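There are two complexes below, and they share subunit A, which is joined by subunit B in the first and by subunit C in the second.
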Partner chain A sequence: MFRKKRINFGSAGWFLLPYFLVYFLFFFLPAISILPMSFTEWSIIGTPKFVGFANFKSIFSNRFFVQALSNTFVYTILVTVILTVLGLLLAILLNQKLRGRVIARTIIIMPYVISSAVAGILWKWMFERNFGIINTYLQQMGLPLVGWLSDPQIALYSIIIVNIWWSVGFNTVTFLAAIQGIPDELYQAARVDGASSFQCFKYITIPQLKPIILYITVLCAANSFQMFDEAYVLTQGGPLGSTTTLVYQIYTEAFKSFRIGYSSALSVITCAIIILITLFQMKINKGENA
Partner chain B sequence: MNKKKISLFFMYLIMFIVTVYYLIPILVLISTSLKPQGQVLSRTWQWIPETITLDNYKYILQQYPYLKWTLNSLIVTGGTVLLTLSISLPAGYAFARLKMRRKNLLFSLVLLTIMIPFFAYTPQLYLLITKLGLKNTYLGLIVPMSTSGVSIFLFRQFIEQLPPELEEAAVLDGCSNWGIFSKIILPLTKPAITTSVIFTAVKSWNNLMWPLIASSDNAVKTLPVGLSVNVFQVETGLNNQPPYGIVMAAALLSIILPILLFIFLQKYFIQGIATTGLK
Partner chain C sequence: MLKKYGLLVSLIVLSLVLTSCATSTEPVETVDTPTESEAVAEVPAEKTTIVFWNGVGAPENVVLTELVKEYNETNQDNVYVEEVILDWSTLYSKILLDFETGTPPDIMTIQQSGLYQNVDLGVLADLTNLMPEYGFVKEDFIESAWNGSFIGDQQYAIPFDLHPLALYYNVDLFKDAGLDPENPPATMDEFLEAAQKLTVDTNEDGNIDQYGFGLAYSGGIPFRTWMSLLWQHEGEDILNESKTEAAFNTEAGLESLEFLQDLVYEYKVVPEQEQSPDDDFMKGIVAMMISGPWSQFDFNTVDGLEYATAPLPVFYDQPAAWADSHMLALPNTNDDVRMAAAMSFASFLSDNSLTWTQKAGHLPVKLSVLESDEFKALEKSQAFAVTLPDAHYYPSIKNESLVFGRDSNSPFVVLVESTLLNSMTPKDALAEVEIMVNELLAQ
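What follows is the complex of A and B.
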């Protein structure tokens, strides 16, 4: 018994080794080094200079940081909620025996294989102020032109529209697969007992889909928190910083202003926020399971 | 009966509206790419161009190393998929089935790659890649993108729910862990592998940020970078206003391959997710 355990342990180590080698060098090392770097001032050239908490102090007194923080949260929460709900509704719709649903499904997922750079460029053209298709039609209908990407009040929501177009298909397919995986007997039994479609949905579909809903929510939140491509292509973080997220700020500080220390401090704060959210989420899950 | 008809009507209506919403941008893309520059900037929208021209496509193929970018994208995507699979599959199996000390701690380390945004450590990763001499190389584009724990998570979930009887029989026959992994687990894990391949490939093919930072050389530049930096920004700079006909032609060229692959592989894509169940 004892011997078998030891052999298994050594064996598990070999199975894990290749991954953890790559992991250590290309993830762990760079990720951990943001911590010491966040206490320095460094512009890539020369040697880093220790400055204590100066970076953090200047970040918290910077109104652009507060703006980026709020942009990130508004974007992440809206995209996650809309993508999850819409994905589920579309999956339910496409699960009905409607004619043409296979074609509809193909068309809905198609944008997902288009790169976000292409999606961004395409929508930048559609959102174009004077000649873009959306404003052209608005004008024809006698409506005022909308500065989809130039109005600081609107730009972030325009990016949300693009993201929904681009990625709802993936969620739809995942949900669709999960819905089709629910045993038919459950519904048959419920109908025998006289349950309505809505009751079936509430008491069978939703509980059965709970794990996949959780999975999709986490995935969407993680992805939208890291949104970069759309902001880079569509607005370059503008106008007036209205589409600058934490991630975008890290990028500009590091690769445009070459302030590695400052960008590291931003990264540390970002990671701290994520870890707090995750711990919070784990607590909620634990509470639910108990 | 009537109520049923009404609800059916609404379902068709919603399906139609949604489909159109998803289709319009694609039609805009195709239509614009076939218009001569003069007709692109027009006050009225034309779905079918007055004069259809292929000049935009010719211009793109002549002015930019478009085929080279495509090839680079293929190499980087293929490499990322292969590396991800070959390091994540054994790890996923180990986490699902093998006994080890500090399993939870190790798995938390893996989950850290999902939690910590790639962007948080991109500057440091860039410095590392530069130091290792991997900047502007395929390896430099591939290896850092293979650390994501998503595939390990997927494989662990999938392998955990496989019935253990087969493996128990193999253990009785004196099969080693490697034998079990390669002969029993791998063939059964095909659906999860399909899912992982599609996940990783789409992500890698679409990746803009990392190639943007780690490659400045046309020799290794991928499509999204070539498209958004070279074509989009350069053409915008040359013309003040982006010449959308040319830009759309470039965009369309870049999506032909993934769309064809998608249509061809759609069955596997959907089946992969379906059989994985992800429960």
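What follows is the complex of A and C.
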């Protein structure tokens, strides 16, 4: 028995080894090296110059950082909340024995199949202020034109719409699988006890889905905190920096301005925030479970 | 035991076989670096493979690819060019990484505006002594392009083309508006009159569906247009003479910026918050726009789009237009054989720059090509050629990518976005951007 277990572990280890080797060499090591780099001034060429906390000081006094931080938080919170709630509601809807639900499931997951860059380009055409399809219809209905991507007050919300359209299918399918995994006996027992549909949802579905909800929220929060593709394709961080996120700023500082030390410091801050958010989410979940 | 690891072993063997297959398909052999004394004197017996980074970006990069192919098939220099296609942004970051790790390309495209920064970082080889050896002499080139390849007294690049801004206009829409396409606007009054006549509600539904002029609210062209207008004021420039401080926050700078804002909000001849004038021009939604010669490549693919070009109208005291130049540069490899091969390839590209002009639109910088009948037959290129004496580069500075960047937090992008989205007065925008530029220049 013991021997069999050991062999299983051994072969699994061998299969996992290449991945971990690549992960360690090309992801973990470079990621860790960002920390010492964040205390230097370096433009890729030459020797990094130690500058202490100068990069961090300069980041916190930079108005673009404050704007990027605020954009990132607004984006993360809205995307996480909407994606979780909408994903759950759609999953419940698609779990009903309705006609055409297979087609509906396919339609909902479909956007997720295309790359986010392609999704971005499609929406860029549709969002075009003067001659895009959405505004053309609005205009025909006598409504004013909306600067979906060109109005600094609106652009970030337009990107949120794109992200939700693109990724809600993934959450829906995940929730759907989890819902279908809840034993039917629980519902049957509850119904025998006279529970209403809402009570079944509140006292059976939600508690049973808790681990999945945690998984989805952690994933959504971490992913949306690192949003880049959509802003890159749709708005290039504009207008007036209204869609510049922390990761977008890291990219421009590192690969456009070649300020590696500064962008490393930005990465360290971003990473710290993501860790804090994840810990916070896990703590809430633990607290509720206790 | 053997069975257990059999799969793993066969996977490793398979991957090794595949890897060796991949490396054995090299088209020709790469010659080992000979010693320095051999290098200058001898032509290598076997073919020398050099790596060329084509960074000019789609869609024109295919024209360079064709030229590379032609060179590989026809050259007598015993050189084979391996082409790597990149975009500008990737090229500028990758060159630093590859130079630092000791694997730079042998030759690459570069913009004049990116030259100073790369020279300052020590990436580029000094070509001053090599140039005459390969037939590159000042007398054969347009002066501004030739001078643009120097940083101080050293020459670091081979000028390949020039691309100043000019006015594009839709011939059919001009005719429909009763304007003479043979006499495009040349002054501010003529420009405004044409733009207003070309702004119409064609289907009479109460909404304007054709605009006189296209001007994006963001990106490079709007602020380059503004700079052109500033340079059209006598004695005005973006930076001071020593290039240490901003010099654009003046009456002339303000007047130029207000004019662009007025085109959108006062004269209403530009669609508000316009994203892509190029696309709108191709669809016939805007009748005039300002761009460089590169736009011809796309415009020529549109069936039924009859357009023409004209020099930028003189809005103020004198003609002036922003320009940049594509050049060829050799990273510092200290490998004389490969540098010689790269220079031979550069000579070929330079000698064939007419093909580049004919297919990609960019202006040649060699006088012999500019004066040739073949070039003069290219009707749409003439407006750009006329502009050449009045072409202005960005001021050459170390922090070019920061000061003249096109990102959302780049100073001049902030300037035009604030103004063209009406979120700041031109006066306040100029004052704010002046501070930003001065901070960047001080770094």
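Everything that follows uses one rule, which is that the second predicted complex is superposed on the first by the 258 of 290 C-alpha atoms of A that agree within 3 Å, B and C clash if a C-alpha of one lies under 4 Å from a C-alpha of the other, contacts with A are read in each partner's own complex, and residues count from 1 in each chain.
Basically, a residue touches a chain if its C-beta (ideal position, glycine included) is under 8 Å from a C-beta of that chain, and two chains touch if they have at least 3 such contacts.
Everything numeric in this text was worked out from a predicted model, so none of it was measured.
Of the two partner chains, subunit B is the only one touched by A:A31; subunit C is not. Using the contact criterion defined above for the overlaid structures, shared-chain residue A:G241 touches subunit C, although it does not reach subunit B.
In the superposition on chain A, contact of A:F255 is made with both subunit B and subunit C.
Legend: residue contacts after superposition of the two complexes on their common chain; A:S11 is shown touching both subunit B and subunit C.
Looking at the superposed arrangement, the partner reaching more residues of subunit A, out of subunit B and subunit C, is B.
Once the two complexes are laid over each other on the shared chain, residue contacts for A:F131 go to subunit B and to subunit C alike. Legend: residue contacts after superposition of the two complexes on their common chain; A:P152 is shown touching subunit C, with no touch to subunit B.
In the superposed model, A:T47 makes contact with neither subunit B nor subunit C.
Touch criterion met: A:L98 reaches subunit B, while subunit C stays clear of it. Put simply, subunit A uses residues 11, 14, 44, 124, 128, 130-131, 139, 254-255 to touch subunit B in one complex and subunit C in the other. Per the touch definition, subunit B reaches subunit A in the complex via residues 8, 11-12, 14-15, 18-19, 21-26, 28-29, 32, 40-45, 83, 86-88, 90-91, 93-94, 98-101, 106, 109-110, 112-128, 143-144, 146-147, 152, 176-178, 181, 202, 205-206, 208-209, 212-213, 223-225, 227-228, 232, 242, 244, 247-248, 251, 254-255, 258-259, 261-263, 266, 269-270, 273-274, 277-279. Listing the residues of subunit A that touch subunit B in their complex gives 5, 8-9, 11-16, 18-20, 22-23, 25-31, 33-34, 37, 44, 90, 93-94, 96, 98, 100-101, 103-104, 106-126, 128, 130-131, 133, 136-137, 139-140, 165, 169, 173-174, 176-178, 180-181, 211-212, 215, 222, 225-226, 228-229, 232-233, 247, 250-251, 254-255, 260, 263-264, 267, 270-271, 274-275, 278. The residues of subunit A lying in touch with subunit C in their complex are 7, 11, 14, 43-46, 64, 124, 128-131, 139, 145, 147, 149-152, 235-241, 243-244, 249, 252, 254-258. Here subunit C touches subunit A in the complex through residues 4-5, 8, 89, 93, 96-97, 99-100, 121-123, 207, 217-218, 271-276, 280, 283, 285, 401-402, 405-409, 413-414, 417-418, 421, 423, going by the rule given at the top.
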